[in-house]
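Consider the two complexes below, in which subunit A is the common component and subunit B and subunit C are the respective partners.
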Partner chain A sequence: MANYYIPANYLIKNICDVEIIEAPFITTQTIELGNKYSPEFVCTPFKYTLGTMIECLDKGANMLLQFGGGCRYGYYSELQEQILKDLGYKFELVNLITAGKINIKKIYKIIKKIDKNFKVSKGLYYLYITVNMIKYMDKIDDYIRQNIGFEVEKNSFNNLLKEMLEKFKTVNNPIQLYILYKIYFKKFKKIKINKPKNCLKVGIIGELYTLMEPFSNYFLEKELASFNIEIKRFTNVNYLLFDNKKIVNKALKKSKKYMKYKMCADSSTNVYWAKYLGINKYDGIIHIKSSFCTPEIGVMPILDKIANDYNIPIIYFSFDANTSEVGIKTRLEAFYDMLEMRRK
Partner chain B sequence: MNCYLGVDIGSISTKGVIIDENNNIITSAYIWTEGNPVNAVKNLIEILKKDLNSKYIVKGIGTTGSARKLIGLLLNANIVKNEIMAHAVGTLALYPDVKTILEIGGQDSKIILLNNGIITDYAMNTLCAAGTGSFLSSQAKRLNINIEDFGSLALKSTNPVKIAARCTVFAESDLIHKAQVGYKKEDIVAGLCKSIVLNYLNNVGKGKKIKSPVIFQGGVSKNIGVLKYFKEILNTDVIVDPNSHLMGALGIAILAKKNKTNNIYDLNIKNIDFLTKANECKGCSNNCEILKIYKDDKLIDIWGNRCDRYIKN
Partner chain C sequence: MKIGIPKALYYYYFFDKWRYFFEELNIELISTNTDKKILEFGNKYANSEMCLSLKIFLGHIAYLKDKCDYILIPKIDNFGLNEQMCSNFSSLYDLVNNLFDVKILTYEINHQKKKNEKKGLFSIGLQLGFTKKQLKKAYQIACLKYHKQLKRDMMINFNKLESTKKKILIVAHSYNIHDDYIGKTIIKNLEKYNFEIIYSDLFNAKNLSHYLSLNLYWKYCKESLGAIVLCKEKVDGIIFITTFPCGLDSLVNELVMRKIQLPYLNLIIDDLDALAGIETRIESFADIIEQN
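Moving on, here comes the complex of A and B:
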């Protein structure tokens, strides 16, 4: 998923003695593979991950890690395992989440099985670095998202990001990582941008996989940046792994008007964020999900209400392996025109 | 005298208008696209040219509709915009106080909500062609009715049948069933018109507050049967402009006027050789479909690449 494979690989590489097969970038071939072997009405993340799994197995992997929970996703790894075994692949699939919770004992047992020499202290040490790496990456990403639409020289942000991530792969201790992060943050701030003071600002909310994997949302953020729009996205791995509970509780407290009980997956936080975007006078909200994503479908009527209360336009996109790219572009273009027109 | 050309190239029909400085329509044309937008536009321009006095010079060209990008290249347009903007601008020129625009075209349908001349919300149908013009015309063909007579036949009915209109496929099988048990043709036609309205309001208009004045446009607005059921179900007056089919073209012509440069445009495109060549890129497993656009054997643009492998020149 996006660049997050870097910290994940970093952690595994450093705590146990295994060879890591990097999952190839998602392409149309991945989706075709996933589509072919998935149930038709399952949501797109299932198809994408299944396609990626097949590609990894073809490259010679014999163990797959899966990290899923929250909604239907919690059942996916068992189903994917069965599908792949029926196809004749021989491998072991490990889901790090059991019944919606991270089971530390189970994870310890798994690692011990992979590598007998595993030491807890070493594991915790590298886990600490990895957690920080994710936090720094998310902070940098946030800054990039706000400014990439205004870069003077094309690709300057992406090139620097690539350079930074390469350096991140080689760090040995938390201090080194911190210094790298500080250096690169300064470098990012030095990149020339041509940003007007009252540029259009849009918030993107919705289902997490579609939000975070650029291929699955047809590079929506890139498209928005080309319109010179500042982008705000809340969902990132930092939120999913560490801040989730805190934000969900806050969301329930702050958006009592719109919901009484906690909703499935990220629905409650999406309500809270939509309200945040409304209060902070953003120009628009884009809500994206994969087709048939039940939690996000459930939240749409509430979002409509918020949009109405705060007079902020909202547009919904459902992505599927068969979505027409032209259709998305037309709607997005019209959304941009509308925001421009409202500003005037 | 200056004039401005707006072309709206839809899936089914191609529309063109030429306006003067005061947004008055000097001449207009409406022809079928027949799956070949380049040819359709060539014919369209010839028709428009016939009625255009030689004292007019074209100072701006705009294109909209699903083939807007291609035709924009062909005509060297100074503005290429999506249909939603074009329809809103065109309608606002004639009805400045419009609050809701209902539009049903050949392949898509949309709703645009406005307030004080500003678009505040819009929606477009997704995934499904139920309730669009092409569905109506295919059903008309099945029932052996002229699409032009469709509306007036529907008005004759006193007892429209109920048709499951969730999806064109379901609607069609339901329709066959209704015909086979002996319903009258006009009742079936009326049922179809009603189902289009219901489908539109449930799909595209879902959750939108429809306030009057309501304006109905697009090709299907010429169908008086559909119009009747819109009025009945919305319980408000629905206006159909005599030029309702030209609104997109008018809007884009106005936008071309607003964005005019000092260029003067030539409408002699009849003999320009315009060609699109498609091939699949084998650079990676994405297999992008690369479209190369040639104008008189000269490559003028490349579309469809996800990376920087293919860049013009």
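Moving on, here comes the complex of A and C:
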């Protein structure tokens, strides 16, 4: 998922002695592979991950790690294992989260099996660094997202980000990481931007995998940035791993009018965020999800109602392996034109 | 007082108990069979990507909304860590509350947070002005009657396994098998042939499901998988009925189909306008079973 493979790799590389095969970036070929062997109406992340797994196995991996929890994600691994075994691959698939709960005992056993010299203290130390790394990355990502549409020199943000991530790979202790983060944050702020005072502001909400995997939404965010739109996105790994409970409780408290109970996966937080965007006078909401994502489909009528109440336009994108890029671009352009006209 | 209960989704799991419970309290329950008109209602309110069962549910609500004082919609989250529900069940209340202007009675089932059916029904009863004593008595009687009935149904279903006819196991969620529009039309088609029809939801076999799938954590899928494990040596064929696009079945049924060695038929139902197609498929499946 996006750049988050870096902290994950960093953690695994440092706590146990294994060779890591980096998953290749998702391409159309990956999706075709995944699509070919997947059941008919499973949601799109299943197809992407299956395609990536096949590519990794072709590269020579013999152990796959998967994190899955919530809605259908948690059950992916079992079916994927069966499909891949039917295809004749020999490997071990480990799902670290069962039924939405992290199983610490199981993780410890697995690590012990891989590497007999594993020490808990060392593991916790590197876990701490990794957690911080994710937090810093998310903060910088937020800044980039707000400004990337207005950069004077093209690709200056992306190049600096790449440079920073390369440096992040080599850190040894939390202090070094913190210093690096501060230095690069300053550098990011120095990048020249040409930002008009009241530019269009749009919030993106939706299902997490589609939001965070840039390929699956056809670089929707970049496309938006090229229209000179400031983007607000809430979902990131920091939210998923650490702040989830807190935000869900807040969401339930703040949007009592629209929901009484906690809903599955991220749908209840999406309701809250839609309301937040409405109250803070954003110009529009973009809701993206993969096709057949059940929890999100369930809240779409509620989002409609919020959009109606706060008079804020909302557009829905549903991504599938067969969705055409051009169609999405056209709809996005029309949405942008509409926002501009509303401003006038 | 009249309480409306949409005959879809949770109806098939809870209605029998509710019927006895509210009968004791002298409350009338209203519900109707699914037909074409209900589905049309549902299509009007539903989102195009919602599953057929949910569309039917919304259709029932649209039908009931002027005909009763309250509609009963529980929020069912889980029956324990490893017995969770489809995510639709947990958003039903809020969905209906936002789409329709109706009075709703609701309670939460969440065994992880110690909220069970008994507490929920009691809170509803108190809300409607009954005393605790009345509710306690009504609930006890309802439980007794319900379990008696369930036991009888299960015995009938279990005894079918010993029949000398060719046997077919139907694997689907209760709200699909027993629905008048989805399941019953298919079963009517099957009854033309000389088969014994066995239902997967009338077994108490969820503990057996781990023979087929170790990590499964959905309650009702577990029950149907357990039924498959229990019956696989005795039945001659399996029919899977799925509504399009059911999230759970898309994964679980695929896994099961890869693991079992019986002849099976996978029916995915979008809209029963294409009934002729299903008839032909059932016919050819029946031929296979009879030849075996």
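As a convention for this text, the second predicted complex is superposed on the first by the 344 of 344 C-alpha atoms of A that agree within 3 Å, B and C clash if a C-alpha of one lies under 4 Å from a C-alpha of the other, contacts with A are read in each partner's own complex, and residues count from 1 in each chain.
In the analysis below, contacts are C-beta pairs under 8 Å (C-beta built on N, C-alpha and C of every residue); 3 or more make two chains touch, one makes a residue touch a chain.
Everything quoted here is computed from the prediction, not taken from an experiment.
Colleague: Are subunit B and subunit C a fit on subunit A, or do they clash, once the structures share the same frame?
Modeller: After superposition on subunit A, subunit B vs subunit C: fit, no clash.
Colleague: Figure out whether A:6 sits in contact with subunit B (first) or subunit C (second), or with both, or with neither.
Modeller: neither
Colleague: Subunit A residues in contact: does subunit B have more, or subunit C?
Modeller: The larger set of subunit A residues in touch belongs to C.
Colleague: Just to be sure I read the superposition right, which of the two partners does A:337 touch: subunit B = first, subunit C = second, or both, or neither?
Modeller: In the superposition, A:337 touches subunit B alone.
Colleague: According to the stated criteria, A:129 is in contact with first (subunit B), second (subunit C), both, or neither; which is it?
Modeller: Neither partner.
Colleague: Report for A:321: first if it touches subunit B alone, second if subunit C alone, otherwise both or neither.
Modeller: A:321 sits against neither subunit B nor subunit C.
Colleague: With both complexes overlaid on chain A, does A:39 touch subunit B (first), subunit C (second), both or neither?
Modeller: second
Colleague: Give the angle at the C-alpha centre of subunit A formed by the C-alpha centres of subunit B and subunit C in the superposed arrangement, rounded to the nearest 10 degrees.
Modeller: Nearest-10 rounding gives 80 degrees.
Colleague: Quick one: is A:27 in contact with subunit B, with subunit C, with both, or with neither? Answer first, second, both or neither.
Modeller: In the superposed model, A:27 contacts subunit B only, not subunit C.
Colleague: Applying the document's definition of touch, where does A:212 land relative to subunit B and subunit C: first, second, both, or neither?
Modeller: neither
Colleague: Answer with first, second, both or neither: which of subunit B and subunit C does A:301 touch in the superposed model?
Modeller: both
Colleague: If we overlay the two complexes on their shared chain A, which of subunit B and subunit C does A:274 touch? Say first, second, both or neither.
Modeller: Touch partners of A:274: none, neither subunit B nor subunit C.
Colleague: Subunit B to subunit C: minimum CA distance in the overlay, Å?
Modeller: Least C-alpha distance: 6 Å.
Colleague: What is the shared patch of subunit A, the residues that subunit B and subunit C both contact?
Modeller: 301, 318
Colleague: Please name which positions on subunit B make contact with subunit A in the complex.
Modeller: 66, 81-85, 118-122, 124, 126, 207, 284-287, 306
Colleague: Where on subunit A is subunit C touching in the complex?
Modeller: 39-43, 46, 71-72, 74-79, 82-83, 86, 95, 98-101, 258-265, 267, 291-292, 294-295, 297-302, 305, 318
Colleague: Can you check the complex and tell me which residues of subunit C touch subunit A?
Modeller: 45, 47, 49-51, 54, 75, 77, 81-82, 84, 86-88, 90-91, 93-95, 97-99, 106, 108, 213-218, 244-245, 247-248, 250-252, 254-255, 258-259, 268
Colleague: Using the touch definition up top, name the residues of subunit A that touch subunit B in the complex.
Modeller: Residues 27-30, 219, 301, 304, 313, 318, 326-327, 330-331, 333-334, 337-338, 341-342, 344 of subunit A touch subunit B in their complex.
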